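Following are the structures in question.
Okay, so subunit A shows up in both of these, paired with subunit B first and subunit C after.
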Partner chain A sequence: MDEATCHIEPPAYFTRLATRLEPTADIVKKTLKSRDRVVHLLYLKSVVDMMQLQEIVVKPFYEMSAEQNFAEYIQSLPYETKMPTGDEEVLIEITKGNVFVMIDKQITLLELKIVAANAVQEAIMEPTIHGPQLGLSESIETNINVIRQRYHKPSLIIEPMQLEDASNRDIALIYDEERVKPQLLKIIRKRILTLEVELVQGSSDLQYYMNNKKYSLFPTSLLTERPDRILHNMAVGKVIILVDGSPHAIIAPTTFFDFMLSMEDAYYSFWVVSLIRFLRYAGLFTCIMLPSIYVGVTSYTPEVLRTELALTVAASRIGVPYPSFIEVFFMLIFIELLTEASMRLPNSISATATTVGGLILGTAAVEAALTSNIMVIVVSLVAISTFVIPISEMNYAVRVCRFLLLLYTTAFGLAGMVLGMLGLLLYLVNKDSFSEPYLRMFWKNRQEELKADDS
Partner chain B sequence: MKFLSMSKWFMVVLCMSGVLLQYGCAFKDIDKRLFVSAIGIDPAENVENGYKVTLKVALPFGAIKDSERPSFAYLSREGQSIGEAIRMLETHVDKVLELGHMKTIIVHEKLLRDDMQSFMDYFIRRGDIQLIAYVAGARPSAETILKVEPNTEAPASVALINFFGATANDSPYVVTTYLFQLRRDILADGINPVLPLIETNAGGDELIVNNSVVVDGREDPAVLSTIETKYFNSLLKDSTGFTYLVKEGSLKLLLNFSQSKMTYQFVPSKGSGAPRAIDMHIVMKGTIGEANKDLSIAKLDDYNSLASKDVKQRVMHFLTKMQEENLDPFGFGLRYRATRLHTEDIFTTWQKAYPDIEFKVTVDVKLQGTGSIE
Partner chain C sequence: MSRFVYFLLISNMIANLIAASPRIFFAKSEEGAIITMIIALFFGVFMNWALITSFKAFPGKSLPQILSLYLSKWITIPVLIILGVIWYVSGLQTLITYIDILLRFLTPEMSVYLVIAMFIPVITFGIIMQSRNILFTLELVFVLAVPAAAYYVVKLYFAEQVSWDHVAIAMTFIDNPPDYTVFSTTTYLFAGTFDIIIFNSLLKKKMTFGIKQALIVFILGAFALFTTYFIPIGVLGFDQVESTLYPWILTSDSIRMKFGVIERVIFIFLLLFLAIAFLNITIHWHVACKLFQSAFDIEQLKIKWREKISLVIMVVVFWSIAIYTTLKVTEYDLFLFSRYYFNFIPIVMTALISLMLVVNRRAKS
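After this line comes the complex of A and B, so read on.
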């Protein structure tokens, strides 16, 4: 800065904003001056793209002759964002990466932000063989771009909202205006605006807060990273919620059956999909009920088994010191530990952990007569079938369920298991997701059903 | 809704898990149970009008794959009634006797009388005994038969069960009678239950099931011979695997029947309407399994009529023998009662008519080939 610029006093408003931001190190107050023209810039250099700033603002300033021209030029730029009212809001915009430009009395916000993590990531949580291999990125703009790119309709609405928490994060509701239910939109907007939380880290905890209940087991909205799942759900009238900085989108409302759907189901022929779905539901029931069935059958009603199997099971339990339910409980805890451990470990080590834990410990436990080998089969079957459930939130919920069911069966035998399942069913029937019944079926196919709801 | 405080929750969980550890009488681990696989009933030697009950208990043991022989324990006890004897036997073992897998009831030949209902009642009433248990007669005694451990018996399986119900053995010589069926047949008028008769060889290492017993009120139950058992089974139960030897001059044919079907109708007499005759039609389908001469497919009709004539003779013989003994294993009487308009004396009409009823049997053998390609 030369001598001449130093004595130009920035306007009072500009100074006020600057002092509010002052203590931070990355603030830049700049006054551009050429002949009698003066432009004040205020931005945070850590979030602004310097190259763009140079190309779009600084260079034209010195190339243009009249001040009036430059003001019009700035206003015509496509980067302009809406000027909010109030100092606080303007400051928030600046922290998001907007450049505050002041030319005489004209103030403009230019969005010249730079986002480090805007690369689209590979879909890790829900891998499929066919379908898109890439998921979302951590930048909301990129994510909207990903969705827009796949859904060309003027009725696709992107509704920006801002969280009222410490982070002031940008979120966006995305929906197809023609298909979404107005009532649903109202509920979701209200749910988001009335959130009372300190800090939202991303879509995962936003989803939790939107659930609206402290103690709930089953998820009422779905987190996904797959663009095809987003479109699939949007096309049937659901709302997608994107949070800036989070590579997952929230889909709401969701029914139980949405969690049992893999996007791959759309890519195969009917009979193949039928088989896969059958396997998935069989896996669901296996992983919920098998530990309970083991306890119920071996300790209450062994006549359910065939004679040969009854003798084999009895033989395998010879020398096992604890009653069957303690055995099952320990083995389930053990397998949960194993799952949890292999999830937290880096990929290269987790294979070793599984081998050591599953194979070696399992065999050793049987050899040492701490558990029966039938039990090891049961537990591994349970562990495997848990992973058949495509969405991990449901996966966790189901894992909790089987402990509850185990408790019931331990106390009341197979009758208790049936009772427990009935209780679970009652709970699910009673549950709703954003005022949609949780166990509602045929969301996609029953158009009449949808229409009936609206009237 | 008010939530309990953390410490109260903790106490609740602690109490509940404490309760779970105090598992009581319904909760019994599978290794604390003894699986009774068969029950044998003999007349008591020391108790008057009592029974001797023998239990065959299948013992589970370590590595089933490695062991060559199944292992069983036998428990015997005499008592006034079967229930009493079993109650006493429970005091002879350290574990609980589990009757849920008891699938064979073996009754001494001498006890197969009409009053067997009185002691079989126990099995019907006891909730954990399955009504699909097999019932069989035993010669010389139920205990001897139970203690036979055939060489073909695999570990963790019970040979007695495999004989019946065509799960493993589907020979036409083996009659299968279930517990529910026996009770029904005993209580119903117009049918005599038929039970398989289990015997053993001199060495005591084989079970032989190819005769059967028709249960009736009499002291000495009528035993069906091996051939009669086969006819009974294939006519009534459509058993397959029926072989039949036809001799005509020097020609010997062994026919394998894969299907047999018997239908019959009552022919009423003109005046009273009481049944005068039974019009029976038997269709058998099969192939020629063995022959001592070259056969021609063109002569298949000849073989058919040859076989038909022969089978007819045998069936007639069997039917008239049963009639002479006044036994009705086929349940002609039951069918008669079920298909006529009910009157008070319908069964007495039948009882009067049965000894003189005439059997008109037509047999239609349909051979489907000579069994070889020309």
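After this line comes the complex of A and C, so read on.
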């Protein structure tokens, strides 16, 4: 660095950084000068809080007397971020909203970023009557704040990481050091660091990439927006992964039962919760098996039902010109379309779409003898019970399962349905989430049984 | 004992209901079936005790591992192959029986190839799964099946059709001399525990077999035997029960649920037992698979993908034999072969336990 010119001209290092950022329009290179004191500032005005910059850096600069004081003042600020090594890393920090401050040879990064979307949002995906009503925000700092606010323990560790993708997004692993398994942490860190993806948009696709298998059906980690779910899982030794800019946290590892748990279960009395859980599992089985049962019972073994019911079913199918499995496929695809359509549309239109689709088309389809009355009941029941599953990823997985089971039943009848269910069970049991078994029973103490596995 | 051992035991007991064993009992119902069953009950509990005790010294080790430690290759390999064949046949017998039952009672119009095809993907997936996961599946299926099974058992015992007079008649034949086939068939009910020759590698805790465990096994066995033998007699009648092909199916079919959506209990029975039979086949073939793998010592082979290749070969061989025999074997053959097979079981059990005695002695010295 040139000693003689450094007071007037920006130093070479500063210029080098500035030129690398140059073409962008929101770059600000500022040299503050008061008598013989010079401070160089470099920042992006779109991500820096101007008011704060004014209050914290510019104003004191002109109010203070000696230069030495100002350098010390800057260093003493609580906004300082750790100085990374290497130009590239410094530039990344600047793009994140840090202000690069250079006083003589002292360089400092001040975190004065402004995040537009740091408001905590209402929990939309997993609403509950009791419990926290607000979910996470789209800013990682706010989210960490939300978690810290509810979990006061020195053992809560926040481990920052940076993705090696196009967007250099900040992510953070959050866990309770005393409860988490070191082995698990190692696996998760390795998974994240060895990701080879172009761009991670947020927690949803990070979750998908971390799954490590392209063609897997069931989610192995859980996305949530509820702080109480995050704490509930962290307290049993799971790891939370936050991605900046995403209002969802990833929970890993997860078991099948985690997906069947609504946070509301913790807020009601035992018998109420038992009933709700029973309903939920009944809903799960209904939405997977009911279409297959219909095919198996109508096309393969009508004698399973009592005679009156078998006759009712048969009578209802009078006039339907094709075998039951086509009817079921037709209606299931119809209901899936309806669900998809109502999800993608704005709220005001989706109500109309559902009414038109559900009521009018349903009735018309029956009257046109394209499907039986009972089939309409079956399909509505299936659609309703699908929504009983609290987590939407599981919801989608189950919807796919339903079709697979239907195919198996169509080929092999009722016995095929039972075997198909067993196959599904085998698949789930054989799956693992970050080397924890995905589906298994725990009788006594969860931790004790896991320990027994390891020893 | 680990709870999984009980599950293995129970699954084998239940799977036997549909297999040839009830028929063997009823064929000998006038020739000392009862007294033999009582003797065999004690023998079965004793065998369970002997097995668990002999494995006590080797927690977390499977039979192939134990044998390779203490015995020479010349003994180990034939023993493992023989055991593998026995376990394979055990699964095969259940498979053929169940395919036959499905064709006869659930989907009579379906082609036999289609019924076999239905089993192939699911069972294959089950065989190549990790042993640990098979135990977890077993547990889950049990939990799912218990409500239906409990309902079914209660329904059976309280059904009007059960004529306890016929049961009393059957009991009068208690003083006849015992019969070896009945004895071996009953012993086979207790063979479920013997699956631990492979699954023991997962049971890391030291197992104890005291009075409590013996009592549980005894009660389970006594209940299973009593139900297997007396309920069909009560429902079908002492004189007629001999002449039925699948006494348990007919028994289930004579009971109906007056107010149920499903009227005939047989469908609950068939589908419930499909799950149990499937598990039984999977477990036995998995054990057979592992036994063959260690018999041929695939760990030592220096080929890439040796684990996968060996599994593929095994699965192909297993299914080729299974398909061939399913197509060839008639019901009469099945009954006959099952009897031969059962007769073989007590000998194998005793031999295995004597072998374990030798190993135990060597391990101590």
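Definition applied: the second predicted complex is superposed on the first by the 435 of 455 C-alpha atoms of A that agree within 3 Å, B and C clash if a C-alpha of one lies under 4 Å from a C-alpha of the other, contacts with A are read in each partner's own complex, and residues count from 1 in each chain.
Quick note on the criterion: a contact is a pair of C-beta atoms (placed from the backbone, for glycine too) under 8 Å apart; a residue touches a chain by one contact, two chains touch by 3 or more.
Keep in mind that what you see is a predicted model, and the values were worked out from it rather than measured.
Once chain A of one complex is fitted onto chain A of the other, the partner contacts of A:Thr307 extend to both subunit B and subunit C.
In the superposition on chain A, A:Met441 contacts subunit C only, with no contact to subunit B.
Shared-chain residue A:Leu425: touches subunit C; no touch with subunit B. In the superposition on chain A, A:Val320 makes contact with subunit B only, not with subunit C. Of the two partner chains placed by superposition, A:Ala25 touches none, neither subunit B nor subunit C. More residues of subunit A are touched by C (comparison of subunit B with subunit C). After overlaying the two complexes on the shared chain, residue contacts for A:Gly413 are found with subunit B and with subunit C alike.
Shared interface residues of subunit A (contacting subunit B in one complex, subunit C in the other): 300-301, 303, 307, 411, 413. Every residue of subunit C that touches subunit A in the complex is listed here, in rising order: 3, 102, 106-107, 110, 114-115, 117-119, 121-122, 125-126, 129-130, 132-133, 136-137, 139-141, 143, 204-205, 260-264, 267, 270-271, 274-275, 278-279.
Subunit B contributes residues 16, 19-20, 23, 26-31, 33, 35, 37, 58, 60-64, 98, 100-101, 103, 128, 130, 156-158, 161 to its touches with subunit A in the complex. Residues of subunit A touching subunit B in their complex: 298-303, 307-308, 310-315, 317-318, 320, 323-325, 407, 410-411, 413. Residues of subunit A that touch subunit C in their complex: 300-301, 303-307, 309, 411-416, 418-420, 422-423, 425-427, 429-430, 437, 439-441, 443, 452-453, 455.
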